[in-house]
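Each chain gets a letter, A, B, C, D, E and F, in the order it is written, and its residues are counted from 1.
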Amino acid sequence: MAKVIRNIRRTDDAIVRELGTLGVATVHEAQGRRGLLAPHMRPIYRPAKIAGNALTCEVAPGDNWMIHVALGEARPGDILVVTPTSPCDDGYFGDLLATSAKALGIHGLIIDAGVRDVATLTEMQFPVWSKAISAQGTVKETLANVQVPIVCAGCLIHPGDVIVADDDGVCVVPAENAAMVLEKGCARERMEEEKRLRYAAGELSLDVNNMRPKLMEEGLVYVD
Amino acid sequence: MAKVIRNIRRTDDAIVRELGTLGVATVHEAQGRRGLLAPHMRPIYRPAKIAGNALTCEVAPGDNWMIHVALGEARPGDILVVTPTSPCDDGYFGDLLATSAKALGIHGLIIDAGVRDVATLTEMQFPVWSKAISAQGTVKETLANVQVPIVCAGCLIHPGDVIVADDDGVCVVPAENAAMVLEKGCARERMEEEKRLRYAAGELSLDVNNMRPKLMEEGLVYVD
Amino acid sequence: MAKVIRNIRRTDDAIVRELGTLGVATVHEAQGRRGLLAPHMRPIYRPAKIAGNALTCEVAPGDNWMIHVALGEARPGDILVVTPTSPCDDGYFGDLLATSAKALGIHGLIIDAGVRDVATLTEMQFPVWSKAISAQGTVKETLANVQVPIVCAGCLIHPGDVIVADDDGVCVVPAENAAMVLEKGCARERMEEEKRLRYAAGELSLDVNNMRPKLMEEGLVYVD
Amino acid sequence: MAKVIRNIRRTDDAIVRELGTLGVATVHEAQGRRGLLAPHMRPIYRPAKIAGNALTCEVAPGDNWMIHVALGEARPGDILVVTPTSPCDDGYFGDLLATSAKALGIHGLIIDAGVRDVATLTEMQFPVWSKAISAQGTVKETLANVQVPIVCAGCLIHPGDVIVADDDGVCVVPAENAAMVLEKGCARERMEEEKRLRYAAGELSLDVNNMRPKLMEEGLVYVD
Amino acid sequence: MAKVIRNIRRTDDAIVRELGTLGVATVHEAQGRRGLLAPHMRPIYRPAKIAGNALTCEVAPGDNWMIHVALGEARPGDILVVTPTSPCDDGYFGDLLATSAKALGIHGLIIDAGVRDVATLTEMQFPVWSKAISAQGTVKETLANVQVPIVCAGCLIHPGDVIVADDDGVCVVPAENAAMVLEKGCARERMEEEKRLRYAAGELSLDVNNMRPKLMEEGLVYVD
Amino acid sequence: MAKVIRNIRRTDDAIVRELGTLGVATVHEAQGRRGLLAPHMRPIYRPAKIAGNALTCEVAPGDNWMIHVALGEARPGDILVVTPTSPCDDGYFGDLLATSAKALGIHGLIIDAGVRDVATLTEMQFPVWSKAISAQGTVKETLANVQVPIVCAGCLIHPGDVIVADDDGVCVVPAENAAMVLEKGCARERMEEEKRLRYAAGELSLDVNNMRPKLMEEGLVYVD
């Protein structure tokens, strides 16, 4: 039995927006190096950088019917996250669905499958992270679930989790961790900013981070 | 015995041009979802969009001799379609051959192998869809066939078939289907344009396509 | 025991610079089609074109400690060449290390693993050729060697060898061959320039290279 | 903070055993085609067929420390399920750990990474489903979680879920569904046994399943 | 419109049988190194060696309906050759279909997709060459063509062509070439048998094939 | 200019033999986790376990001529190690060459490319570790070097280095390290034997290796 869960709790917009500003690498570090989707998830154009609430959607292989259903659940600020129930590279999503998604306020698409009409999506500036680009169309025959927890590109994603995506890939932050990850991420960024200035001035990271004693202790040898 | 077939029947220019305007996704749908080359065939730069008559060319692995022979058969408006007789990612084609191809009026290259000098090809705006980018050069030792039916990236292609290629990939339309596919593709485009306007205005695809009754019939359940 | 070899002999700057102008495809041909790194080594942005002295660095899987050590050995004009001791796609290098590398005069990074912060690296115009883009961070726990001979993406590279990298990939020229390869590469380029003009004028490569007699001799048949 | 959750509720032994008898294909169908791990998970020897309770274990890339911790939680009838927190093909598990696992009553190993000593594991008849075979060893530096929900080869697995593995791959049955899936699987098997006899007698599946009317209705045409 | 072509001309049984005895490597050489399916087509058990007439079958991705239709067209000595119209690794074929295929006299299955129940297929000794092993089941919704020319794993195959498959892979011999390829293959085998005896006696292939003069002529240098 | 280096210094037979007994995983550990060829190098049959002196051989892509030359340099106890100068999966080596190699006392083949006639090689018990199995034949046109240092599957191998190969993969031990690696490997094996007995008796590796204090120190928490 396929179901659509409604009235999902979404994460606070301000938190989402600020996580998006930090970007994937910082968020991923701040979260203890968890939540990164597999690196085969690549943006169809660059640069691209978004954040939003996960609107999760399962699809049967070669069948995009449930994406239409998922769009019926969209709220402005959502990111559509689609995973096939069996691996598939077909082009599930194109310019028509993107037109609808954009009109509904969706920030972008994360899909562990294929996408098409990428020239038009690029012109529209509707960002997509996908496993493949393929013109292969899909049918509308089989039900699946919308707004349930899904595994997408190796990560568990709940509806309303925060998705952050940029040129480095895609990261999920569970809703309950969002505030804490944001705090740690901001702290990390401040610390990095400081280092950046010193590196730019020519200081070595060996010195900035005081790495030499530990390197010697571990037995590193310099040979002239 | 290797052979070059001459006096190939080409498809009418006007039809080819219009198929090119439709693009790969529409042409592929209009043709009943057939004729799409494997999605590993990617453009070396984007955006790129061409259509033309297939000028087919087999090559031995690591050997680009027959590409030189194929160029001798070129007519303006052709697209060179190259397939190795055994899988190979070497760089069969570079800026010199592209200079010649362009001078001969060839619209672009489809090659289920590697290509090189891609910076120059991009500057020249000579579009290529390939399996790989590789500087690995090739020899000129072994004969193969030109202008015979070939299998390229999983599709059977006859000389004079229509090739359509864009950022979504590459599609072949058999010459005898070209007029019919064009007609269906244009009809499809008109229908899509109508939907596009309604989606852009915020209507849901569930309603535009009247999907709700069938979803209910199949047993989809909405849970609050 | 891990070691850092100092006082590496570098290749003459003028030679390096001119090899870089020739580009990967020409250098690789001039060197007898040797020294090309595996084609999975792709630039994070295009166009990009660099040449420099190899500053070699081993890293443990998921551990970028030795990159910090390697930066301590940098000389202006070096290219950092990093290889993991076991296959790994993690993001070893990001914008902080790039800031340091750039300040130290390093021309770019070749890494048979992953890289992150690619949007920032692109803005900074710090070029990288890598196997993957991944936000996955690394630890600083394990020693390895710096400025020793390494195998990177299938090629043996000695410290001080010349690295040439562009949109076609990456090529290594052993220091002792650099002058000779440069000479052959320049000769090749002159010869190619001549052909380019004739091709652009519409002459066939079959004629420019006098290929027809050998083709006939091998048994090629033209069928009307 | 890394943790080990104790006193996990395990699934009833009798149910587990019978699910194992059904095998992966039947269990997967009975569960509505859900729960199949990615097909890159292959047995190191064939035939092999096991079922058991999932003992889940995260590991850092290139670090097998937590497998030692997980073995401390083993109960007879468990199957060890290991997933790296970032993709890794290293050989995390060999004959020493297998000796321990076997002594502790563990039925086998499911690991989305590499395994080694496969000749000895085969002699010992300790079955493993893995992504890779690799002699590359691992370190013991980094903590991770044991007996928490994990994503392994694309599937969410909770401690105490039922794992069924055979030559076709690996399937997970959530503990709460185990009894129902068993029932449906047995029913399916009875139905299949009946068909098998009719097929073996030469009857066509078209007739046994009364497919001809629907095929005609869909428009299938027979051409002499 | 999907169709099933009947009354296909099959190749003579005696020729098929003898081509099977020669095996894939010899047949492929005898045919001028053509007709080899892509090397991802691997047998599910070894050793396995068959030959037969191609019974060709298209299937939609994730849909095995047409395999049932194809079995209705089987003649003893056929080999079922299945290709999906879009790439798919699902398990299209299992022990039930194998029971039927065996009862109908089919020699084996070639499928550019997945197969399941491989333990049972191995016990039954029903040989399969496939791209994947996967328990993922399929639906029965979409029509496609049976006994039409198809492209399978990169090769064009007509109904009634000869398929030869063994541990090295799969080769197709067009019906019209079968007799000639058999003749050349037998000649090749006789020649190889002679060489085999001389090699086994310790003679070098350099001498048996008189390679030294050409090696010297090409410039090979022996350095002590 | 292609060359064959003669009078290579080989490693002492007794050391080679004993390294072979230790096997790949132990030798690789004893050598500080270095020298493992990429895990795509898999045995064509299992079990298989050999050791020998590397007889190194470069080949052009799709060209096995130099294997014939290399066989002319064989000494009993050698292992033939072949690497293509550009990636290639063709079947470079079959039963004829295996017959010759066996007659010359060669222990097996390591090839970063394809091999064919694997059913016969299995019957002959001539072991091969390769990247692919493919019936695709090769030509004899292009020279390359024999008995020079080569990079094979990511590792630098000198003629006369020790190759150890078994079901886990392939490892190279530089000739100058062979005695030391053997000594360390034997010590490791004795230590492992002791642990094996304790594990088999049901002792936990946590206790045998006294891991609990360090785990607690790192902060591992047990939760009931």
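In this text, contacts are C-beta pairs under 8 Å (C-beta built on N, C-alpha and C of every residue); 3 or more make two chains touch, one makes a residue touch a chain.
Given the structure is predicted, the values throughout are model-derived calculations rather than measurements.
Colleague: Which chains are in contact with both chain A and chain C?
Modeller: Per touch definition, common to chain A and chain C: B, D.
Colleague: Applying the touch definition from the top, give me the chains sitting in contact with each of chain D and chain E.
Modeller: A, F
Colleague: Rotation angle for the CA superposition of chain A on chain B, to the nearest 5°?
Modeller: Fitting chain A to chain B on C-alpha positions yields an angle of 120 degrees.
Colleague: Do chain E and chain F, two copies of one chain sequence, contact each other through the same residue numbers, with over half in common, or through different ones?
Modeller: Both copies, chain E as well as chain F, present different residues to each other, with under half of the numbers appearing on both sides.
Colleague: In angstrom, rounded to a whole number, how far apart do the mean CA points of chain C and chain D lie?
Modeller: Comparing mean C-alpha positions, chain D is 43 Å from chain C.
Colleague: From the C-alpha centre of chain A to that of chain D, how far is it in Å?
Modeller: It comes to 28 Å between the two C-alpha centres.
Colleague: Hey, how far is the Cα centre of chain D from the one of chain F, in Å?
Modeller: Roughly 31 Å separates the two chain centres.
Colleague: Please tell me the distance, in whole Å, between the geometric centres of chain A and chain F computed from their C-alpha atoms.
Modeller: So the centroids are 41 Å from each other.
Colleague: Considering chain F alone, which of its residues make contact with at least two other chains?
Modeller: 33, 36, 39, 86-87, 89, 136
Colleague: Report the complete set of touching chain pairs.
Modeller: Taking the chains two at a time, the touching pairs are A-B, A-C, A-D, A-E, B-C, B-E, B-F, C-D, C-F, D-E, D-F, E-F.
Colleague: Taking the touch rule as given, give the residues of chain D at its contact with chain F in the complex, in rising order.
Modeller: 1-7, 65, 68-69, 71-72, 89, 91, 94-97, 99-100, 102-104, 114, 116-119, 122, 132-137, 140, 143
Colleague: Would you mind writing out the residues of chain F in touch with chain D in their complex?
Modeller: For chain F paired with chain D, touching residues are 23-25, 28-29, 33, 36, 39, 42, 46-47, 49, 166-169, 171, 192, 195-196, 199-206, 209, 211, 215, 218-224.
Colleague: Given the complex with chain D, which residues does chain C contribute to the contact?
Modeller: Residues in contact with chain D: 60-62, 86-90, 136, 139, 141-142.
Colleague: Residues of chain A touching chain D in their complex?
Modeller: Interface residues on the chain A side: 33-34, 36, 38-39, 85-87, 149, 151, 154-156.
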